[in-house]
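In the two assemblies presented below, chain A is common to both, partnered first by chain B and then by chain C.
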Partner chain A sequence: MNFKHKYVFLFPGLFVLIGILIFPIIFTIRLSLSGWNSYTPEMNFIGITNYLRLFTDDPRFWESFFRLSFLSVTTVILQYIIGFALALIVWREIKFKRFFRVIFLIPMMTTPVIMTVIWRTFFHESLGPVNDLLGNLGVKPILWLSDPVIAKFTVIIVEVWQWTPFMFLLLLAGLLSLPKEPFLAAAIDGASPFRKFVYVTFPLMAPISIGAIIIRLIEASKIMDTVFVLTSGGPGTATETSSFYIYIKGLREFQMGYAATLSFTYLVIMIISLTIIAKVLTKLMIKE
Partner chain B sequence: MEKLYKFLKYTFIILWTVFIVAPFLWAISTSFKDFQSVNSKVTYIPWLDFEPTLEGWRVLIKSPARGGVDIVEPYFNSLFVTCTASLISIVLGTLAAYALSRFTFKAGFVRNNDITFFFISQRIMPPIVLSIPFFIFLSTLGLLDSLIGLVVVYIVLLMPIAVWIMVDFFNRVPKELDETALIDGCNPYQAFYKVVLPNSIPGLIVAGMFCIIFGWIDFFFAFILTFTEVQLLPVKVVALNSSITPWWSLSASALISVAPLIIVAFVVERYLSKGNLSGALK
Partner chain C sequence: MKTIKTCATALISALLVFSPVAYADKWSDQFPHIKATGDIPGECSYESMSKKNYKGKTLKINTHAVPVMGEPTALHAEQFAKLTGAKVDVTHTPAGDLYAKAMVPFQAGQAPYDIVFGFSNFINDWKRYLEPVPKKYVEMKQMQDVTPSHIGIASWDGVMYQFPVDGDRHYLKYRKDVIDNPKYQKKYKADTGKELRVPQTWKEYGEMAAYFNGWDWDGDGEKEYGSAEVMKKDDLMYAAFYSRSAAYSKNPKTPGGFFFDLKTMKPLINNPGFVEALTDWVAATKYVPPGGINFGLGDEIGSFGGGQTLFSFSWDDAFVAAMQPDSPINNKVGAAQLPGAMKVWNRTTNSWDEGFNQAPFFVWGWAVGVAKKSKEKEMAFDYLCFFANEANHQADIGIGRFGVNPFRNDDFKADVWTQIGWDKDIAQSYVDTLAQMEESKNRVFPLRVPGTFEFNAALATAAAKALAGQLSPQAALDEAAKQWEDILNRVGKDNVRAAYSVGVAMEDNKL
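Presenting the complex of A and B:
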């Protein structure tokens, strides 16, 4: 079944997407070679000056990039472990199964920035409930948002709350689509639940797991909304991620040219590292 | 051993449930507080810890001139942008996904998988990378700070999701279905429209829900590309956060903004339990 009509199906979507995106991408590359800022808002040509500055004289960008890697990898690992555990539990018959499934899904339906507004009051250091409840247990007030180390973990907590449901959903949908035969065979062999998981469930779930982890890594690398509202990158630059740094350079300091350089470099790094991660994960999790 | 496992299992899911519900309970409680009960000491339970008032909720329906928070207009703006962009993305995405699932494309080294990857890879693009060129792009077209401009941008955000889910779904719909329709004398468009599409309702619903979720929760593009004329809900609520808005009306407006999509959780669960979702989402 192959004929000319196939283009009629494909092209509208493809061309709309390309049409909307082609300008921004070419523009970003061109902009990154210019010195567009608030003093000279024009598309002049300064060659690779911006790139030299980025690679030789901007530790803040690289720090923000490593911070982003740390935050996204940690949150995705936590989400995967918790999401998989939750999915395994409500996969089988338990009491109030459907109730728990709904509850576990709810956070991903809520707008991250708006929930973060609530989290900010929740973690408020003197008027929030967390420190108050901990205080009743005799714990000293914790500086959730103003300590450089703890603030990172606050961001992680909020991100895990927000996005574990997505991982949970993908993994549960995967579990529900697994064939029944391998489990029957394992049951006949009298395998313990633990062995069943290691030798049957986990290998069967490997491709789905990889897909889910990659999708979440892609989304987690864009982490910005939470940081923006929760800490505004602070205290200092303790929770500043790459996106946030580019935002400051581009839309607060109006160094458009340099921000485009950062954007383009960041995009290239992202695509390369995600491809490598996908390859490595496939190798690690699917043995054959 | 069995008992211990069961105990751990229930402890875990109950703790997790408490963790999920906690911010909502806190927000609900806060939305009924007044100045005294927010700022003196931390209070939790209405009537017991503090005297509840409806002030936080009343502000939402007052006009801005009388000290209210105008949340109705952003609500409809968000609804309009999300639904329009989702609809366009689903239509175009479904057509493209059908083509990618049924026909073979060859152009130089580009194959079907590469085209699919091109669609999906748009999600890798961090919003910030696109926002600066979009800002200039839309201002040249005079679409900055307008609903149409946001719809255009949101299509880029949502079409990859539609293509991702629908390609997977169509791959699972047996090819024999279209072939039979073609033999019966349908042309390819009729085969798609009359036979394949009606069999793809679950996939379309899942794709639609995902588009609506990811459209509704987006903040960054709306934040960069609109100012005063058009405001979307998340931007409005965050603006309240940075102004001197008291916690009670902040909580009330936050709750009312996240409420509509929570219904989606019930729909998703229904599909999950009926087994339709596992086919559509993998």
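Presenting the complex of A and C:
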């Protein structure tokens, strides 16, 4: 048998990989070196002009990037804390355990865009039920979507509501797979529930936690639909994120070349920063 | 007996001529949409279309989401299919994606759609991919009735690329039951020392809106507010800003550009006229309903049309919606030209010219064209001609959610509107408002240059920052002007100047 024949079986997978991953990246890089837009619809070569523009004359992209960092880190931390707490609750033997497990997962099963439309209706400042309820309690209307600071927290609320179940699911699966022996040993030693959590549960869960946090950070860093539907990046640019900004440049203003520059730069930044975050988390959470 | 027969015949004939039932014909029986008029003879009438045979052919249309423009497109597609035997596929697309959805295949040399709907200010970017409207349609009777302004908007350098199906302009809408109410006129005078009247200037508009903000002035148990405006950044807000700016910045003594100085191509959007308008607009955030800073066009229509505010200004839709029989403010609204200003910036003398100035804004509106690469051009133009035939047009303009607004001389007759239940004085004020705008010699037309989207988006972002309190009006507009300079450099000043000169010629009454 000719040993080289085994490579034939790799070709289908390789073709798919090239088609859906390698080619788009190469095409994006090439596009980023062009001035393709609505009035110059061609793959001309303009060198690094777009990159110079991005690094010297586009503070809006960097503002949106730092805003995105704030939103994604905040939402993922909150999702982790709440998701872990919920997972711990249903991990224990409680009544209606199965019922709660299903209930906690419902937000994740809903369609994000549709749910965001519903949230937008809830938070509508003059017609929505939230301010109406608060008004009945004597609280003045809150500018959920019109105040630059509050609007950020409204986005966080919606994101946390939508994606905490995902964190809950991963962490619950992790808890259910933990070995029983360390817990038995802690019980024999008379450890309190708090010490059991700090010295047994949390360290054992560290690898799973890191995985869950990284997965959610990757997803959160692409936040687009919530911002698009809820605030359109406003008021002003108060909730504009990188992906929303890239969408505006590419598909609203049709600056395809420049949008490709933004996309590729964003991809590189995300790969570097997520790698660093993963290493830092590993160092902090996993003790040798 | 003969006398009785003659009398009966005369009576029936009279009924047929003068009563609404008289319009019933074989076409309105089949197509109830035109029951008010029946078919109206013409080159693209129901009768004419029924003689066409497009069996076995498919027409593909990309249009806006339902209802605005999407609903009439689908309705007329269904009618067209029944009449001609054609198969018509209609795709509905959100407003923000209409441009890209057509532009991507255009640039790739494909024609997935025979007909593409968009906005009239796309014309500069789209014209090279669109088939000019054939002479036989340009010269037909129904086209002869289109106003010169709207012929100009649908054309480029004398060539018509977009088939007129809609006419748009911004004007003021107000609650007639408040402004014309003697009780409130007296109260307003007593409290402010000023007359309560249809606001003549933006300052008056602001004062009245602030006065009538946050209390129940129509006795429905709910709070009402001063004004509903399109303030949401990515939802056409730049058009609202241009409307507010026109009176302060469109000076009839300084022809040669509203957005740019045509000679130098220096952006004018940060001059004191525009800054004054943006300062007014920032103040307006205090008299819009809670959350009004996030109002898009749909919210504005719903807010004013639902009776929540005293004023509004934008496209016709809110007014027509307010005048529909099921509206809570049916026949309680009035129309007037956009407010003016008591001063206008003179960029030649670099100072304010004192005195009243008013400038109507012929904002862009719905537009539609046939793809140059389409293989069904004849059928596509027949469809568009059918869409806009007299019977369909008269039925469409009376339905607020359709987004089809007046663009024909016949639309400016009050009778058209009283027939659908409008009070005579309201109908008259409406058509007078539209006619005055047509007759004005100090008009502003939308920016239609290469990169229009970039210019408008930069302006909208800057204005949104000012409304949100992130920047002062002057700083925001300076930022926008700087971005406009950058865009000019990328696109090429000469390219933009060449395109902009067409719009300037229209504004300067040279076309």
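Basically, the second predicted complex is superposed on the first by the 273 of 288 C-alpha atoms of A that agree within 3 Å, B and C clash if a C-alpha of one lies under 4 Å from a C-alpha of the other, contacts with A are read in each partner's own complex, and residues count from 1 in each chain.
The criterion applied here is as follows: contacts are C-beta pairs under 8 Å (C-beta built on N, C-alpha and C of every residue); 3 or more make two chains touch, one makes a residue touch a chain.
Remember, predicted model here, so these are calculated numbers, not experimental data.
Asker: Per the contact definition in the header, classify A:I22: touching chain B only (first), chain C only (second), both, or neither.
Answerer: Neither partner.
Asker: Is A:V198 in contact with chain B, with chain C, with both, or with neither (first, second, both, neither)?
Answerer: neither
Asker: Tell me which partner A:S38 touches in the superposition: chain B (first), chain C (second), both or neither.
Answerer: The answer is second: A:S38 touches chain C but not chain B.
Asker: Taking the superposition as given, does A:E125 touch the first partner, chain B, the second, chain C, both, or neither?
Answerer: Second partner only, chain C.
Asker: Once the shared chain is lined up, is A:L251 touching chain B (first), chain C (second), both, or neither of them?
Answerer: both
Asker: Using the touch definition from the top, say if A:G236 reaches chain B (first), chain C (second), both or neither.
Answerer: It touches chain C, and chain B stays clear.
Asker: So which one touches more of the residues on chain A, chain B or chain C?
Answerer: B
Asker: By the touch definition above, which chain A residues appear in both interfaces, chain B in one complex and chain C in the other?
Answerer: Residues common to the chain A contacts of chain C and of chain B are 127-128, 251, listed in rising order.
Asker: Residue numbers of chain A touching chain B in their complex, please.
Answerer: Going by the criterion above, the answer is residues 1-3, 5-10, 12-14, 16-17, 20-21, 23-25, 27-28, 31, 82, 85-86, 89-90, 94, 98, 100-115, 117-122, 127-129, 132, 161, 169-170, 172-174, 176-177, 193, 208, 211, 218-219, 221-222, 224-225, 228-229, 242-243, 246-247, 250-251, 256, 259-260, 263-264, 266-267, 270-271, 274.
Asker: Please give the residue numbers of chain C that touch chain A in the complex, ascending.
Answerer: 96-97, 99-100, 103, 106-107, 125, 225, 232-235, 289-294, 308, 450-451, 453-454, 457, 461, 464-471, 486, 490-491, 495
Asker: Would you tell me which residues of chain A are touching chain C in their complex?
Answerer: Chain A reaches chain C through residues 35, 37-39, 41, 57, 60, 124-128, 131, 141, 143-146, 148, 231-238, 248, 251-255.
Asker: Within the complex, which stretch of chain B touches chain A?
Answerer: Residues 5, 9, 12-13, 16-17, 19-23, 26-27, 30, 38-39, 41-42, 44, 92-93, 95-96, 98-100, 102-105, 115, 119, 121-134, 136-137, 152-153, 155-156, 159, 163, 175, 178-179, 182, 188-189, 192, 213, 216-217, 219-220, 224, 233-234, 237-238, 240-241, 247, 250-251, 254, 257-258, 261-262, 264-266, 268-269, 272-273, 275, 277-282.
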